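Structures incoming, each one as C-alpha cells.
Both of the next two complexes hold subunit A, though its partner changes from subunit B to subunit C.
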Partner chain A sequence: MLQGVKNQLNVTIKTIKYGLMREMINKTSFIMNVIFMILNNASFIIQWIVIYSLKEDVGGYTFNQILLLWAIAASTYGFSHFIFKKAYSLSDLITNGKLDSFLVQPKNVLLACITTDIEVSALGDLLYGYIVLIISGITVSKFILFTFFSITGAIIITDIAVLLGSLSFWIGRSDMIADTGNNLMINFSTYPDGIFKGAARILLLTVIPVGLTAYFPVWIMTKFNFKLTFVIIVITVILTLVTFVIFYRGLRRYSSSNLMISKI
Partner chain B sequence: MSVISVKHLTKTFKIKEKKKGFSGSISAIFKPIYKEVKAVNDISFEVEEGEIIAFIGPNGAGKSTTIKMLTGILYPDSGEINVLGINPTRERKKLAYEIGTVFGQKEQLWMHLTAYDNFKFFGAIYDITEKETEKRIEELSKLFDLEKFINIPVRNLSLGQRIRCEIVASLIHKPKILFLDEPTIGLDPVVKESIRKLIKKMNKEYRTTIFLTSHDISDIEKLCKRVVIINDGKIVMDDSMSNLKYHYMDKKVIEVKLNTKVNFSNTKGINILKEKENRLRIEIDTKQTDLTTVLKLINPENIMDINISNIPLEEIIAQIYRKG
Partner chain C sequence: MRKYIYIYKSELMSTFQYVINILFRLINFILFIFIFMNLWNYIYDNPNELINGYSKTQMIWYVIITEIIWGAIEGRKYCRKIVDDVRGGNIAYMINKPYSYIGYAVSGHLGETTIRIIISMVVGFTMGIIFLKSFPALTAPAVIIVFISGILAVLINLLLITFIGLISFIIEDSNPIFWLYSKMILVLGVLFPIEYFPGILAKIMRYSPIYVTCYGPAKLFVDFSYMSSAEILLSQIIYLGIAWGMCYLIYKKGVKKLNVTGG
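And now, the complex of A and B:
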C-alpha cells in the first residue's frame, strides 16, 4: 500500500517534471508567459489602491487584508492550474475518448490525466501570490499558513473542476457548466466577503466554497483560528474522496472513441 | 496454455439520434431519441500463449471495442473476460503491468519529448528502477534499430520511426501480451514490412502473445497463424490462416488474352469478372468445373497470354465480411 502511494507520487512528480521540460524547450515563451501573468495580476491591485485612497474599509477588509486575499486567490489558482491543468478540460478528455492511454497504465487514472500537462502562465500566478504576500508583510507563521492554504485551496478548486468535468460521463459535454463554475470561484475569491449579503453570502460559504479557499484563510492568517483550520482540512479531505468516488463511478460509463488523437 | 479467455462478451452503446435539420436539433432537446447499438454481441474465444492472432473485421465491426474491454478501458455489459488470470474490469492496474498496448490512431508518447525521455517516463510508470529501464531501453533500441533517432523529439520523427518508438514504449515493462490496434495505419510498404519483421522477431525472442487488429491483409497474412473475423459484433469465423486459404482454394481466377472470343454461357461454375475486347477475367469454382475443362473450352491454340491464380486473401476476407 505504502509502496504503491510512493510509486504514484514518484510518477506524478515525474509527470510534472517532464511537463516543465517540455515547456522549457521554448525558453523565451516560457519566461514571457510567467512575467506577463505577474504583470497582468499586478494591474488589478492598482484598482484597489485607488479604492482604498477614497475609503478606509471595504466589506470589513483593510488594504493589507485585500492584498492577502489577492495573494491567496492567485497562488491557489496558480498551484491548481500549474499542476492539475487538465482538470479544467476533463470534459473534453471524457467526451472525445482521450482517457484510453491513461486507462492502460497501472496508475491512478484521475491523477494521471489531470497532471499530464502544465500551464506555464499559472506559475506566474503562483509567484505573484508570494510576491504580494511579501509586500503585505511576511512572517514565518504567515508563510507556512499561506503555503498550506494555497495547497488546500488548490485541491478544493481542482476537486470542483473534476466534479463539474465528470458530469460529462452522464450528460455528455459539460465544458460550459465546468467553465462557468470554475470562473465563478475565481471571480468571487478576489472580493471581500463582507460586500456579499444574505443568500449570496451563504452560497459563497457553502455551495461555491470560496470561503474555504479564500475568506477563511485570510481570517486565519489575520487571527489564527484552530477550529476553522480544522474545518478546512476535514472538508478538503472529504471533498477529495467524494471527487475520486464520483470520477470512478463515471469511468464505468466511459465509452472511448475512435478519433485520431495525439498527446501534446 | 490459454492467456486470454472470453465468454459471451457483450457491449451495447446508447447513441443519440437526431432528425434532419435545425428543427430536428430543437426536437432533440425536448424529446431525445436514443438508439441502442450492440457493438459486441455475445462473443467467445480463447488465445494461447505465444500466439499471433489477427482479430479483424470491417469498420464498426466491434474490434476496437473488444480490445478496449480486454485491456480494461471499457466495462462490458455482460460476459466474462480473463486475461492472464486477471479480470480487466476489477483489476485494471494489475493487468496493466502484464500487457502492452499500441493504438495506431492514438499516440501514447509525448510529442515534445525525445523518445529516450518518453521511455524513461514509461519505466517510472511501470515502477521499473532507473538502472533496469536503461538496460531495457538499450536492448530494445538495438532490436528496433532506434539508435539514430532516440534523442530526437518525437514530433520530429517520421511516422514509421514514431510507430517503432510507440511499440518500444509499450514493451518497456516486458508485457506478456501485446495488443496492437492497427499498428501499420498510414505507413508506406517498406516501413510496414520492417514493422512486421520486428513484431515477428519480438514474438520469437520474448514469446510475447500478440493480439493484432488491422485492415491491411498483408499484416495478417505475413504475421498471423490464426484469424478471428468479427462482423456486426459477432464472430463469423475463427480458424487458422492455412484453413482459411484452403477453404477458398477451390476458386481460381484466370486472366487470359485470346485470339477469338469464347462463349462460357453454358458452363457451370464460371463467373465472368471482366471482359474487354479479347481480354477476359473469370472466376472458376473448381467444385463445379475443373480447370482442364475450362482450358479445353478456351482451346490452348486460341491463347495469346494466360495467368492462373488463387483468389487474393483480401477478396476472400471481403467475401466473408459480406456473408457475415
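And now, the complex of A and C:
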C-alpha cells in the first residue's frame, strides 16, 4: 500500500512539474500572471489601512492579525488552485464526459483529474501569502504553522470544491452551485469573524468551514492551541475521506460522451 | 446605430434564457452586501455618527449602488472574451463585417449587463429597505439624473475594459492588467467614497475613472445636489469620449499589426 501511495505521489509531482514547464514556455505571460496577482492581492491592504484609520480593532482583530488572515487566505487559495486547479471545474469534466482519459490510467482517478492542470496566477497568491507573513513578523514557529495550515486549508477547500463538483454525478450541471460555494468560502475568509453576529457567525465557525481554513489558523498562530490544531487535522482527514467516498460513489453513475480529446 | 441596437436586443433576449445563472450569481452580490452591512454596523458605534461626512445608512447605500454598477458588468468575463478574441484570432473574422468591433463588443455585453443590473437593483434596494428601513429622499428629476449617471458609468467602464482587453494586441495577455484595474476600482471606488482618502490622493481620484464609474452615481444617490450632478455628468461625458477614443486608436493600430502577421 505504501508503495502505491509513493507511486501516486510521484505521478502527481511529475504532473505538476510538467504543467509548470508547459506554462513557462511563454515566460513573459508567466511572470506577468504571477506579479500582477501579487499586486492585485496587495491592493486590499489599502482597504484595511482605511478601515483601521477609523477603528483600532475590527471584529477583535488587530491590523497584524488581519494581515495574517489575508496571508493564510491567499496561500490556502494559492496552494489549492495551483495544484488542484481542475477540482474547480470538476462539474464540467463530469457533465461533458471528459473523465474517460483518467479512467483508463492505472492511478487514482480523482487525484489524476484534479492535478492534470495548474493555475499560474495561483502561484502569485501563494507567494503573496508568504510575503505578507514576512511583513506581519515572521518567526520559525509561525512559518511552520503557516505552511501547515496553508496545506490543511488547501485540502479542505479542494474537498469542498470536489464535493460540490461531484453533485454533477446526480443532478447534472452543478457548476453554478460549486462556483457559489467556492466564492462564499473565499469572501468570508478575508473578513474577521468578529464582525458577524448570531447565526451567521455560528455557521462560519461550524457548517461553512471558513473557521478551519482561516479563523482558527490565525488564532493558533497568535496563541498556540493544541486542541484546535488537533480538531483541524481530524476534520481535514475525515472530510478528505468523505470526499473520496462521495466521488467514487458518483463515478459509478458516470457515463462517457465518447469525446475524443488529446492529452499532451 | 440601428445595428448596435439590434445586437444589444439579441444579447438581451439570449440572456433571458439564462436567468437561473444570473440568479445564482446574485448570491455573491447578496453576500457582498451582507459582509459590508456587518462591517459598517461594527465600525459605526452610533447610527447617527458621521464619518467623513457619511452616516452609516449613507455608507451602506453607497456600497449597494457601487456594487450594482460594478458587479453587474462582470468585467473579468468581458475582458477575457476580448483577450480571447484577439489572441485566438476570432477578431480577424469580424474585420470584414459591416460593424465596428468595439461597438459590437460593447453593445453585446451591454445586453447581458442590463438584465443583471435590473435584478441587482431589485435585490439591492430590497435589502437596503429591509435592513436600513430607509431610502434616500430623491425627487423625480434627481432619480432621472442618478439613472443617467449610472448608465454613463456602465458605458465608461465597458469602454475602459474593452481598451484593456485590446491591449492584447501589444502584449499577449492583458488579463493581468484588468486584475489591477478591477482592484483599483473595487478598493478605491466601490468600498469607500473619495472623502475617505487623504487630501492629495482624493484630488487625484477626482480625475481618475473611479470618480466617473463609481463615486459619481453613488454620491448623487446618497447625497444629491444639482451642483454636483452637473459636475459629475460633465466629467462622465468627457471620460466617455476619451475612453472611446482610446479604444478606437488601439484597435486601429492593432488591426494593422494583425494584417501584417496574416491574422
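Going forward, the second predicted complex is superposed on the first by the 258 of 264 C-alpha atoms of A that agree within 3 Å, B and C clash if a C-alpha of one lies under 4 Å from a C-alpha of the other, contacts with A are read in each partner's own complex, and residues count from 1 in each chain.
Convention: a contact is a pair of C-beta atoms (placed from the backbone, for glycine too) under 8 Å apart; a residue touches a chain by one contact, two chains touch by 3 or more.
The structure presented is a predicted model; accordingly, all values stated were derived computationally and were not measured.
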item: Subunit B versus subunit C as contact partner of A:Ala214, first or second or both or neither; value: neither
item: Partner chain in contact with A:Asn7 - subunit B first, subunit C second, else both or neither; value: first
item: Partner chain in contact with A:Ile114 - subunit B first, subunit C second, else both or neither; value: neither
item: First, second, both or neither for A:Arg252, with subunit B first and subunit C second; value: first
item: Subunit B versus subunit C as contact partner of A:Ser101, first or second or both or neither; value: first
item: Contacts of A:Leu67 with subunit B and subunit C, given as first, second, both or neither; value: neither
item: Subunit B versus subunit C as contact partner of A:Arg22, first or second or both or neither; value: first
item: On subunit A, positions contacted by subunit B and by subunit C; value: none
item: Footprint of subunit A on subunit C - complex, ascending; value: 20-21, 24-25, 27-28, 31-32, 34-35, 38-39, 41-43, 51, 171-173, 176-177, 179-180, 183-184, 186-188, 191-192, 196-197
item: Contacting residues of subunit B [partner subunit A, same complex]; value: 13, 16, 64, 68, 71-75, 92-94, 96-97, 99, 101, 103, 105-113, 117, 121, 124-127, 153
item: Touch list for subunit A against partner subunit C, complex; value: 26, 28-29, 32-33, 35-37, 39-40, 43-44, 46-47, 50-51, 54-55, 58-59, 121, 176-177, 179-180, 183-184, 187-188, 191, 194-197, 200
item: Subunit A residues touching subunit B - in the complex, by the definition given at the top; value: 7, 10-11, 14-15, 18, 21-22, 25, 99-101, 103-107, 172, 252, 254-256, 258-264
